[in-house]
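Worksheet: the structure to be examined is printed underneath.
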Amino acid sequence: MIHFESDYLEGCCPQILEALRETNLEQTLGYGEDPHCAKAADMVRYVFDCPDAEVHFLVGGTQTNATVIASQLRPHQGVVCAASGHINVHETGAVEQSGHKILALPATDGKISADQVRALLEAHQRDFSREHTVQPGMVYISFPTELGTIYSKRELEALHDVCRAWDIPLFVDGARLGYGLEASGVDILPKDLARLCDIFYVGGTKQGALFGEAVVFTRSALAEDFRYLIKQHGGMLAKGRLLGLQYEVLMNEGLYFKLARHADRLADRLRAAFAAKGIPFLVENTTNQVFPILPTAALAPLAEQFGFELWQEVDDTHAGVRFCTSWATPESAIDALASYIDKNL
Amino acid sequence: MIHFESDYLEGCCPQILEALRETNLEQTLGYGEDPHCAKAADMVRYVFDCPDAEVHFLVGGTQTNATVIASQLRPHQGVVCAASGHINVHETGAVEQSGHKILALPATDGKISADQVRALLEAHQRDFSREHTVQPGMVYISFPTELGTIYSKRELEALHDVCRAWDIPLFVDGARLGYGLEASGVDILPKDLARLCDIFYVGGTKQGALFGEAVVFTRSALAEDFRYLIKQHGGMLAKGRLLGLQYEVLMNEGLYFKLARHADRLADRLRAAFAAKGIPFLVENTTNQVFPILPTAALAPLAEQFGFELWQEVDDTHAGVRFCTSWATPESAIDALASYIDKNL
Amino acid sequence: MIHFESDYLEGCCPQILEALRETNLEQTLGYGEDPHCAKAADMVRYVFDCPDAEVHFLVGGTQTNATVIASQLRPHQGVVCAASGHINVHETGAVEQSGHKILALPATDGKISADQVRALLEAHQRDFSREHTVQPGMVYISFPTELGTIYSKRELEALHDVCRAWDIPLFVDGARLGYGLEASGVDILPKDLARLCDIFYVGGTKQGALFGEAVVFTRSALAEDFRYLIKQHGGMLAKGRLLGLQYEVLMNEGLYFKLARHADRLADRLRAAFAAKGIPFLVENTTNQVFPILPTAALAPLAEQFGFELWQEVDDTHAGVRFCTSWATPESAIDALASYIDKNL
Amino acid sequence: MIHFESDYLEGCCPQILEALRETNLEQTLGYGEDPHCAKAADMVRYVFDCPDAEVHFLVGGTQTNATVIASQLRPHQGVVCAASGHINVHETGAVEQSGHKILALPATDGKISADQVRALLEAHQRDFSREHTVQPGMVYISFPTELGTIYSKRELEALHDVCRAWDIPLFVDGARLGYGLEASGVDILPKDLARLCDIFYVGGTKQGALFGEAVVFTRSALAEDFRYLIKQHGGMLAKGRLLGLQYEVLMNEGLYFKLARHADRLADRLRAAFAAKGIPFLVENTTNQVFPILPTAALAPLAEQFGFELWQEVDDTHAGVRFCTSWATPESAIDALASYIDKNL
């Protein structure tokens, strides 16, 4: 059985395991006030070329999203996002639990446009009854999106411009950031990301770490008192150095990007294997998630040998499914699946 | 420099490190639905002799407290606790963030009594204006308390009785549970704890794990839909097997209790060293935290060689300080500190 | 200038003003524990033929919706409603402020169907990742809807059946309840409403009272501790007898329904006047709100003599607008507007 | 039976009733955007000599407190108040429902001092673990307090100074503001209040209105988007002109203060009657609430003729009780009670 259900099936990259072993008996202060976190924050600033940024480390994505959003909004404000956005769909209402409405916009391939955001902001401003509605207070996008698509530099610049013009922060969920930045066709460099958004995070959980998300506030004023909020949201790890440590490893010599590149390349092989058989996709993309549309009848036999996720029904006889590659996927797993595709689909 | 500032200064016990290494490339489902969590839950049920309990694993204490409390209360209900309780003092208002008032009672050596709780419940019931006040909806205690003291079986039985009589859950914060259960003079067995409270947790973070708290709902009805709440509160670790794995190790052959016993014994040595010099304590206790009252003038020289925490001022010339031992404290650290005490205090 | 902007432009029906005058110097207990509230609750139970119901009085609609919803849901649950529902659109996120997501369904003429609700509930139940999503915990509908349409008895029975089958409460926003129950073509009697939903309210603010909404819990178990929640949400009026008093007047000899009938009849006249000129409507309805689609060019001259509300743009040259009649609208106002329509549109 | 249980036993002063009658058929915009609210706001600004203030009208006190506090605090901040403060004791956790902890200080006769507040702020700032605790974000006091006492100008100036020095708002609950400003011995003028605090409200409910609280933001920056918050908290009355109307009446020719003066003077008579018999008081005060300590045995016979509230037990044979006078109390009621005191106590 070969698994492609998600990109968090395994533990962590061996370098992290080794670092855990080496540092295990070090004695450090807790709660992220240790040298590893300090150094890792420096490395993140360096890699993303944002020397004035403030960097914080949290454990997981839902926690990070809810904490960042709560830190930026006043009570009557909501967060604009794609209807397919993770915060709107798969976080059990964590944002609402903090008191904020999600202002969901229809997504195209998982993305929203600057025009949509501007139209929403203008409509709110024009509305005579606007005080009876939730005020848009920030914009959330995922990079890559939940469908594995990526914003172009032009699209991101446009979103940046509208957010800056309306003075609301642009927040990028980077749970799979590396897979996005390394994807073929992407024209956004790490430093572009830091320049074009106000807050983003460098996802670790899905990219080689045991867990961890590094939140970057590109303007430190936005991070005021953020540590209080981390603590309040239950995200302040007692042994915080575990987070710093992992990011020291990942940011070292581009490991984070190398691991992502590996996964993207394997996903490309997979896409090619499906395409060679004329199999269409739910969405065109170049990151580590692959969404072929398969005959429903083909799923059961396929599932005997390969793990994948049912994504959505397409019609009575076809369904879109998801295969994920990751930093941990061996080349041989792709060989096996490509061969199966070639012979059986 | 020898550190006694807290019991979470190091990484984890070597057995956990080894288990991480061994299982690193296993592929498992995420979010706690893996075989390691299933097995660890069984082991917790076995060790605490509560075969019908439901067990969930979370990452940290603040997160666990807020999630459990939110899962039990209706919006108009509050949680009764000692004024010195962790949820009231050191969690940045996480309980209030979920909408609930903390009904703090004056503590004696960190503890509250059944009589205090009963009096509060009766006063609320008698109050003609009770609908204008927060309804007591559950009771939270720490075992051991934030001052390292422990409830006797009789005290815990009395709390259990009043909670059962009023039909509100008794919740035990067990962030340092092992240190309490292994302390000299304690008359509560693991199975007593499971019998006498409704919900408790077996703290891992401070007792040998990298992180993790195992929440035990001794009556499974109390755990209805708890996984939704874990997710909503950002506590559902993607690679949940890391939690199961650590508890498999800790519950195996009594390791959890052995590690705690070690720390308690070293703390006893420390208490003896202070007592031998006639140094009084903020509180009498037998767990892994030691609270001597030292001359303020003695603190600076002491701090050059030993790390500890300033706890509270006692008078103009004396302060209470805290020394923590842990599963990781070597005997030699105690030798050095005992020798210092003997010669310098 | 004749105003049709809303149904809360004036003060109150003269009978209420008189009752205020007569009882002004009575001394009563506060917070709804007075004889007027007790008697009014009895009258509501009698009129809606629900002798076992529990009745509470609140001041306004947004407050009532947020309080009722918070009283019924656990933290991980959301409320299902039409995308056009008042709680989703015009309450500044009050429901989310209480921590709950609104699960909005596409509406048809302001209504949702039992099939839609059932499909949502089944999809949630089927979802392997359901714990990552918000659990549907109750259903909210408006009667009449925000577009002035009404559910038929068959439609309401179907919603009742699916809610009962899934054991979640059906909550009816009755801000304009009387206008709905008195509309031509409606086949729902007051007692049907009480039988078919779990919680509803009898709106006063828009139907002749100065303010006030009477919430009816048709099964008293659903109202447990509701007064605590009213107080917590700031809805417990100190001089609660003002609420009881108004409902005593409104429930007396069918006044509430007479006032509504008057408004509905005048709205019918208005609809006939538009229809006679071939003017189409945004929606077909029979209650006190009228939504003609007018040429944009006609709006400015019309607005010089008549107040109305711009509802939505239809195309480049047409817009849907809203005219409201109320208990207070004089026949002469309709005469004037009908005459204008006949001559100018 | 003569009632002194509270100062909200009756309806409203006759001038308000008359204004309601006169304006009943006026047609106005809803939600506080009507000429009456505009004019009343001007009058409040004039009376309190704060021409740049922003004034908003809400319905009740709990609602006002929760809304104002939510408008000023970030999520990790709490509100400092006296342990006996209304928000801490009698609002069913409304502040916590909005996510904020109340940082209660021990009160002296219902008051807190600038020194207490400064000490709390300094201790927070000094605390190395402050991010684990709730940050003090504003100060709430009641004027008069829940015990009917009043802050002197010197005390209020000191609180103002510490709040300004730490840049946190000082918020004054003025549910009984007039009774405080008119009390004998008070040295604070309306304009002093407006100068010395950041936000206060002019209570109507307990001082002659049917309901209503006029919130004054002395610096308009503090009121940014406050109407969104009113709506979200369910405090935006549809027929908002009812609030404006009442304040037009109350602010006209000093009526608000005349009504308060009447009540304070009658309370003085009551205090004198008790004092003449050597009866002690729970607290020395000069406002409309009187707190004699009576023999428990005397309560039942007294209660047959006079309504009052049991406040707190003092010892086995004595209890403190509360008598309230109000704008509506007739002189004859005091005659009767004074005579009873003279003869029977």
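In this document, chain identifiers A, B, C and D correspond to the written order of the chains, with residue numbering beginning at 1 in each.
Going forward, a contact is a pair of C-beta atoms (placed from the backbone, for glycine too) under 8 Å apart; a residue touches a chain by one contact, two chains touch by 3 or more.
Note that this is a predicted model, so its numbers are computed, not measured.
Looking for a copy of the A-B interface in A-D, C-D or B-D, one arrives at C-D, which has over half of the same contact pairs by residue number. Distance between Cα centroids is largest for the pairing of subunit D with A.
Note on chain placement: the centre of subunit B and the centre of subunit C lie 50 Å apart, centres being C-alpha means.
Note on chain placement: the centre of subunit C and the centre of subunit D lie 34 Å apart, centres being C-alpha means. Our note on geometry: subunit A versus subunit C, Cα centroid distance of 42 Å, whole angstroms.
In subunit D, 75-76, 91-93, 97-99, 131-132, 228-229, 231-232, 236 are the positions where the chain touches two or more neighbouring chains simultaneously. On the subunit B side of its complex with subunit D, the touching residues are 75-76, 78, 89-93, 96-102, 129, 131-134.
Those residues of subunit D that touch subunit A in the complex are listed here as 31, 70-71, 74-76, 98-99, 131-132, 135, 225, 227-229, 231-232, 236. By the touch criterion given at the top, residues 3, 5-6, 8-12, 14, 17, 20-21, 23-30, 59-64, 66-67, 91-94, 97-98, 205-206, 210-211, 228-229, 231-239, 242, 328 of subunit C touch subunit D in their complex.
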